[in-house]
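In the two assemblies presented below, chain A is common to both, partnered first by chain B and then by chain C.
Here is the complex of A and B:
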């Protein structure tokens, strides 16, 4: 459904282009929930925006991106007409972004429905809007309310309803659970999972929250410094990490019944344009050896997953 | 349906005004005086004792420069016209003119600013450059020049002031719209193929209208002053000498300042009152809306 081949994405600035994402090979099958996991600033939103066609005009690309059998990025050319907002939609990281504070939820839903299904009668538009609201488990009373009259969790649901209005095939949800309390996080995640099953959607779920990822995903993609460092077809790799980065990331999670101090990952994630040579993780990696500093490791198949780490190189040869 | 965004804008503005009313005594006083001024201005032509003299069509040189008396409460000017009647007519015209300037500039500014933010990059660059250029020109001189070129009538002053005034609103709207255009509720409908006009009316306009109205409210006083400065300095505001205008009356009264100070004092006092009251009103609203900019008037000294 979504396939990228050596995709690179960068942003133009005064002195050139800062490449944020490089050599991304991603494959997301139809009807699968894929989680993009990584620290803040590693390029998750950038990847999500590329898939949903929402990169700003000053973004630069190379490689290819195919969404729903349409080549949408080919080299430095982008063509999202007919795909963006129709086949693939994005739920923005910032919930304030999706909803116009000066229009009622009902009005915003109806406009979207009318645009995508011209010729529907006003009555049908309204009932479709109410249906969408009930799909995201909001009451009919929300139809006549303004965004500021909704709670944070309700706003997320309303934003999801709005994204679903064009009946898309792919949804990119950019941290849909951030800034929600623990209960609402799972409520929103399970709502997305339910919708994904019922509507047979392909869901790209972006998060830095490993526990949510475990809860919702089929496929895991761990991103570090704009690269895939570990990819597995099941949430199992979140139990037994291969890449040192994922290992440290999981150690940094609080565990139940554990009195140990939380570990943290030493150092800072690198900034785009200032990525180190060799393995991008080597300044922070506890297992670093000479080769890591010189050469960037390729993606290596290791058992049930793909890992970008020299430690798995020897065993992959045998 | 489409009245809904307007309704919440009105709610925003009224809640801002009531909040300011509750908290700021200066705002209360200035608002009351403003209401009185507007009422007097509206009734002016009907309560003026000598409406034909007020309009300027009737002169009576035998009565020139009479001091205040029961017959002419504020005296008469060098052409023998009742100063009170003149002031009453001039007040209405001045306030009406500044309302027109602010309202038209506001609408024009919002339209230009929002469309510029959504326009292709090259057009965006050109328009914002032109706006910067208009802002950089000294507005009184530009308005005076335009007014002369357009024939020196009251209408030409209004048009000239709009030309120099709307770039401010265009720039503020443009900056706000630029922030909004990054948001999904603006971008996505454009990708859907909805027209820019639709997006401006539905999504950008309502979101910038309330802050823009606040700007406009706090600008009214400056517009009255600017109109009067132009007519005072250049005297070209009005086609004939006869028409009532506060700035011109001050300028003409100045000539007889020693012999007949009342001719100068009455319009000057009204102008000062308008300037002070509108400024206090505008600053109160503005500060209440942007609490971070408290005490902006300190910068004046």
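Here is the complex of A and C:
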């Protein structure tokens, strides 16, 4: 559904282009939930924006990106016509900010439906809007209400309904659960998961929250310094990590019943345009050896997953 | 048992907010509705709760930013909300504060060194003494000397948070109030800060009140946990016991949020009734007519604000 081939994304600035994402080979099957996990500045939002066609004008690209069998990025050219906002939609961190405060929820939904399905009669538009509301577990009364008459959670669900109006195939959700209370996080995540199943959507879920990722995802993609460092077809790699970065990241999370010292990952993630040579994680890696400093490891198949680490290279040969 | 360093008795506090909706006037919104807490020297009290539960208001009340409407805040046995200015200056030196968002708490136009030294200014120390103290705290927090000459915008979130902690401990406080010290940070930086906080506590014999919405962060560092909902402490006790066996239904939800997976409502009304009575699984008839009592269990070690445990 979403496939990238050696995709690179960078941002132009005074002294050239800072490449944020380099040589990204990502493959997301139809109808799965893929979590992009990473810390801030690792490029996960840039990947999300690229998939949803929302890169700013000063972004530069290379490689290819295919969304729903349409080549949307080819070399330095981008063409999202007919894809952006139709085939692929994005749900932002605060989806409620997508609502127009001057229009009722019903008017906003109908406008979106009329735009995307021009032939429908007014009666059908209304019934479709009501259907969308019930899909996100909102009552019919919400149709005639203004955003300020809804609670925060209801607004969030109304905005999700609005995103679903064009009947998209891919949804990119960028940190939809951050800054929410624990139980609200799960409420949002489970609603997205339910919709994803019922509508057979492909959901790209961008998060830094490992526990939410465990809860919702089918496929895990761990991003560090604009690269995939570990990829697994199940949340299992969040239980038994292979890449040293993921291993340390999981050890840095406080565990409920353990007072063991949290892992310190020395240093900080590199900034775009200032990535080190060789493996991008080598300055912080406890298992570093000479080859890591010289050469960037390829992505290697190790058991049930893909890992970008020289330690697994020997194993993969035998 | 020694006497508590900080004792909060029946604390009530409110904010005045405009009525809104094209009407003129103001109304009171009660942020704290009778909070009782004891914090003993050398321990960490973790305060958890959802947004709007009054966690930050509690910290603001202890700091004197929010005036108590009723109740007392006793620090070393003195009611700090009723002290005169001069006495207050002397006492509050012993209370340090690390705010939620470091980038907003540090003056962007001052160098980091001046920011860290700022709390020392009213003390009239000599230049050498100030330099020495700055050196000591910066070393404690693993901040390089060169950082001192930088400005806030040149530092990352984790570094800034360390600066904020350095600033909070430079007056050698006994009590440190930490308001969501890691909620703006990444996982790896959060781990660094939590480790530093744990080390500092050992080294300096500090007492912490740590406010967070993340129960795992709280459990890593706390000896006791207080769970807040709608301006009240609904459960308080030894951290390990609460984590293993939560009694209040709200605590259970905080501990296992994936089990809920629906939106639940917290009644933030003016009444003293239980805020979760609309969906509580342990609900009784009394819950919608009378405010829940504070029940002591586990040899007086734990307090639960719930009718269910009265018998």
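Definition applied: the second predicted complex is superposed on the first by the 304 of 318 C-alpha atoms of A that agree within 3 Å, B and C clash if a C-alpha of one lies under 4 Å from a C-alpha of the other, contacts with A are read in each partner's own complex, and residues count from 1 in each chain.
Assume a residue touches a chain if its C-beta (ideal position, glycine included) is under 8 Å from a C-beta of that chain, and two chains touch if they have at least 3 such contacts.
This one's a predicted model, so the numbers in the text were calculated from it and none came from an experiment.
Look at A:103: by the touch rule set out above, it reaches chain B but stays clear of chain C.
In the superposition on chain A, no contact is made by A:74 with either chain B or chain C.
Contact with chain C, but none with chain B, is seen for A:265 once the two complexes are overlaid on the shared chain.
In the superposed model, A:208 makes contact with chain C only, not with chain B. Residue contacts after overlaying the shared chain place A:27 against neither chain B nor chain C.
The touching residues of chain A, when paired with chain B in their complex, are 53-54, 56-57, 80, 84-86, 90, 92, 94, 96-104, 107-108, 111-112, 115-116, 146, 166.
Taken together, the chain B residues at the contact with chain A in this complex read 1, 4-5, 8-9, 121, 182-185, 187-189, 191-194, 202-203, 206-207. Of all residues in chain C, those touching chain A in their complex are 50-51, 156, 158, 186-192, 194-195, 198, 213-217, 219-220, 240, 243-244, 253-255, 257-258, 260-264. Interface residues of chain A facing chain C in the complex, by the touch rule stated above, are 39-40, 153, 181-187, 189-190, 208, 210-211, 215, 248-249, 252-257, 259, 261-265, 268-269.
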